[in-house]
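Chains: A, B, C and D, in written order; residue numbering restarts at 1 for each.
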Amino acid sequence: MSSEIRYISHPHPVTGVTNSKLGVWCFLASEIMLFGGLFSALVMLRGGSTNWPHGFEVLNVPLATLNTMVLITSSVTMVLSWASLVRKDLGKYRLYMAVTVLLGLAFLVIKSFEYGYKFEHHIYPSKSTFYAIYFTMTGLHGLHVIGGIIVNAYFLLPGSKLWHKDPEQFTGRIEAAGLYWHFVDLVWIFLFPILYLL
Amino acid sequence: MDKYYGWGLPIDISTHGHAIDRLINLLHVFMIVMFVGWFAFFIIALVRFRQRPGHKASYETKHFKAPTYLEIGVAVFEIVLLAGFSMPVWTALKTALPDKSKAVQVRVIAQQFAWNIHYPGPDGVFGKTDPKLIDASNPIGLDRASASAADDIVTVNQLNVPVSAPVLVQLSSKDVIHSFSLQVMRIKQDAIPGQSIPVWFEAKKTGQFEIACAQLCGLGHYRMRGFFNVQEQEDFQKWLAEQAPKA
Amino acid sequence: MSGHTEAEIKKHVRTYIAVFAALAALTVITVAISYLHLSFGPALALALAVASVKAGLVALFFMHLITEKKAILWLLGFTVFFFIVLLTIPPLFHH
Amino acid sequence: MSHHTHAPSADHGHHGEHALPFWRKYIFSVDHKVIGVQYTVTSLLFLFFGFCLIMLLRWQLAYPGQPLPLIGQFFPETQMISGIMLPEFYYQLGAMHGTIMIFLGIVPLAVGGFGNYVLPLQIGAPDMAFPKLNMMSYWLFFIGGVIMLASFFVPGGAAQSGWTSYPPLSNIAPPGQTWWLVGMAFLINSSLLGSVNFIVTIVQLRADGLSFFRLPFFVWAQFVTSFLLLLAFPPLMAASVLQLMDRVAHTSFFMPTGLVVNDQLAQVSGGGHPVLWQHLFWFLAHPEVYVLILPAMGIVSEIIACNTRKPLYGYKALVYASIFLGFMSFIVWAHHMFLTDMGITMSAFFQVTTMIISIPSVIILTTLVLSLWGGSIRFTTPMLFALAFLPMFGIGGLTGLPLGLTASDVHLHDTYYVIGHFHYVVAPGTIFALFAGVYHWFPKVTGRRMNETLGKIHFFFSFIFMNCVFMPMFIQGLAGVLRRMYDPMQYAHAQPVQPLNEFISVSAWLLGLAQIPFIINFFGSIWRGKKVENDNPWQATTLEWTAPTPPPHGNFAHPPVVYRGPYEYSVPNARQDYTPQTAKEVL
């Protein structure tokens, strides 16, 4: 009895949240500061630059718009997969989660086309400070997408065994994974206009 | 040179330095008074309340009012230090730049591990520089062909200035961050590549002093020493004439 | 999240679909604005405004911040404050 | 609710810890106590290693250009030539001393070691909220540490651009700098996992009845510290990514246009900003100062309350002051950058915030010293170290004043005054508090006490030599002696005070010798120390002393219930002079 960690499945009576939910929000707070540092760099570099290009003149806006759509669609399928678990429908959960993972992969494929196109034209991060920040921020965001896909794929396949043992804890985990995935979407929502449209 | 330095603050030969020294001295008096008073209380408490037979700790805490007054006192004192002592000197250093026409103008361009000193020459205008022209014989990339560059004077590690005249330095760096430090002048300013930062001072005493680099700038940081010579006006003019490029 | 009833969830799902539609529409709008080639100031203001609305929708509905517990809102409040400090002070630094 | 809890540690609880193989129990353990001990031992080794680096460096400062006797001949030619230290090696020693002491020594000891071991016990929890993350946190730290050590052996040696790694210098430095950045990335992620774990544990896993205002101050200090780690470290991660890009992908985040190195125009796109690094770096590194000092204050508070046998003076003031301190620490960072040409308004803003942050520090220090008044003070070894923390931290804090005001900072910036100032805060300050913590909690961890005589010898000599090392630095600083000088005799202004360098170096080596009694005591007492007579050898009130000694897996036989505040010492009309937090009635 005594050696068990409390509030893994059930929310704490006072704070009203489970450990994993509070934990993932703390992690996201830290992520906000990580991207905050990069955005701060972007603002400072752009402010000091005299020849900063317009994103729409040098980057592929249609492709990025498509990617934005892909990512927000994956966000809604993610939240629907969680809602399916709340309705105790594991089949629907699997379907939505599979779509989420596929959309995540689609995002990466489209992104790699975008990068490939740049590399073909010998455009690397070292070309200018604009490309440096473009590759760094979208690259770091891409790493976050990869991380999210790994987590989601885990919960789609081996991780979903937990459903049969403790549905409540599993639903909590999917909510936590969802929070992370929405955050990745949220970062893109800012990256897209700032890098591509201005 | 040794006569200027010893234990304690280096000699101050600047017109603004006394304000800095006054603040440093005031702060140290304050710090010592604070610490001695605090430490006395600390020792008394340790002796008086040491564990010994027949002595018991008391659960009820005596409430002291003094700390509150002390904290308010410290806060007020800090406001006075900030508004009355620190900001005036700092504002003067940063904003009350001397008029270009009246001041001795000089550019200081730091590099690993030397100070390049660039005087505009008799015409009072700096010649154009271009990083592409930089080589061992032209450390600042001065374009001698440009209009006002012909009479420009460039020295390495030798900064001469006249006494009792404002000097306006434009400070920059070719490679990494350095820090231009004239201890006797109570001047220290980072030299940041990509930026040109104005620094001004006025010497009130002649003598031979040194320029130090205060920011780690590489393996030779410790030997990035320059010479700082404050001269009488006529000696300074004579020195400038000697340094003038031979046509 | 055991407190959700079937009806509530259905309502939630409808909200999610509506939010999704709004996000898609806003994406189209922000791209359309960029084709107007406004000058930098207004373009930046509009782009950030649209992005903030989109981010707000994601955070409030997908991430359930609209019904979230105080502990988490406090945490985010502090974070956003420091985020703004980090974002504004360095660029303002040099005059 | 117990039957569907699936934490890994819960499983261990059921099967009993004996079922685990050795490597699961002691190496890849998820038990917070094993991880705490791992952190403690690793970081003590790093502290010792970092101290050795500076003892080497001090030879060059005391006897510049003279061959290092005895051991000098064993160094390779890239570091010393016939025993004479090269500038390359000197600057590696300096940069790595700072990095190792802060990121691999003090923080992991204060947070990873003490935090991990003591915090769950003090809040009556069976473990941390996420035991597996806790294990990962340790191993990321370990890998980061190994990378930092390994960097000494790469071509060109370890990082040598100072622990602050200012670009563009660090951008053009040898490969050791890349290793430094990668090592930092591991350490940052390690502390991120740790801080998430600490926050969730404190918020969620407190024992029944243990409200926030019944928490021992140590837990509060760790709580605020965790927020600092959580929110201040990521910008340094961002900065490290940018510098890695600059070094590996040849971008120009910190390289302005028209850079000329060695008379060669740098082949980079330019357009970057060197000062950007300083912002992102100090956004972490100033809160980091409070990461170093807050846990120390927490340890000192515990020990003072226990050894004065009375409640702390103004517990709530302590708590509020530390929260305020944590908050303010985020908005003072640019006082490290007064000389980078900031505007008047900015410098005024940062001077004001710097003055404001001194107020909560004064409150904490005053509260702790007033706590002595009316007590019955036991001068045990941990108490001696805790008491010494107070004046030492006081000196460190006071000497921050001239550095926080721009006008006096002009003269003192980048001089030994700065070194004296922050070492007073972290060396005789924090490290004394950490020693106090080791002596205080050693009986709980091992079931044996450390030897008091050796402990007192360790204390008195450390106290004397610490001050002999750092006090003269203020005199050097006022005389204008600049830091990071390979040859201290270059400048005329440094020559008159050069005898101080010899004095400091000899004191530093003697300080090294003064640690021998501690090392003997620490290892000797594990096997030979006097066994504790019961679970609560110091007659303390907080929860960790109600657990069995050493605490088993899961910590408590029954989940503790708390009925009172943390420092109920000498309650009137009680039979004994301490009332544990778990006592329903005053005993």
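The rule we apply is simple: contacts are C-beta pairs under 8 Å (C-beta built on N, C-alpha and C of every residue); 3 or more make two chains touch, one makes a residue touch a chain.
Fair warning: this is a prediction, and the values are worked out from it, not measured in the lab.
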Chain whose Cα centroid lies at the greatest distance from that of subunit D: C
Of A-C and C-D, pair with higher C-beta contact tally: A-C
Rounded Å distance, subunit C centre to subunit D centre (Cα mean): 38
Length of the line joining the C-alpha centres of subunit B and subunit C, rounded to whole Å: 47
Rounded Å distance between subunit A and subunit C, as computed from the means of their C-alpha atoms: 14
Of all residues in subunit D, the ones touching two or more other chains: 203, 231, 235, 272-273, 275-276, 279-280, 283, 341
Residues of subunit A whose C-beta touches two or more other chains: 15, 17, 22, 26, 29, 32-33, 36-37, 40, 44, 168
Residues of subunit C engaged with two or more neighbouring chains: 71, 78-79, 82, 86, 90, 94
Contact pairs between chains, per stated definition: A-C, A-D, B-D, C-D
Interface residues, subunit B side, partner subunit D - complex: 1-2, 4-10, 19-21, 23-24, 27-28, 30-31, 34-35, 38-39, 41-42, 45-46, 49-52, 55-62, 64, 67, 70-71, 74-75, 78-79, 81-82, 85-87, 89-91, 93-95, 111-112, 131-132, 134-136, 139, 141, 174-177, 179, 181, 183, 186-190, 192-195, 197, 210, 212-223, 225
Residues of subunit A that touch subunit C when the two form their complex: 15-17, 21-22, 25-26, 29, 32-33, 36-37, 39-40, 43-44, 47, 56, 61, 65, 68-69, 72-73, 75-76, 78-80, 83, 86-87, 168, 171-172, 175, 178-179, 182-183, 185-186, 189-190, 192-194, 196-198
Sites on subunit D touched by subunit C in the complex: 203, 227, 231, 235, 275-276, 279-280, 283, 327, 330-331, 334, 341-343, 346
In the complex with subunit A, residue positions of subunit C that touch it: 1-2, 4, 6, 9, 12-13, 16-17, 19-20, 23-24, 27-28, 30-31, 33-35, 40, 43-44, 47-48, 50-51, 54-55, 58-59, 61-63, 69, 71-72, 75-76, 78-80, 82-83, 86-87, 90-91
Contacting residues of subunit D [partner subunit A, same complex]: 1-2, 4-7, 9-10, 12-13, 125-127, 129-131, 192, 195-197, 199-200, 203-205, 230-239, 241-242, 245, 249-253, 268-273, 276, 279-280, 283, 553-559
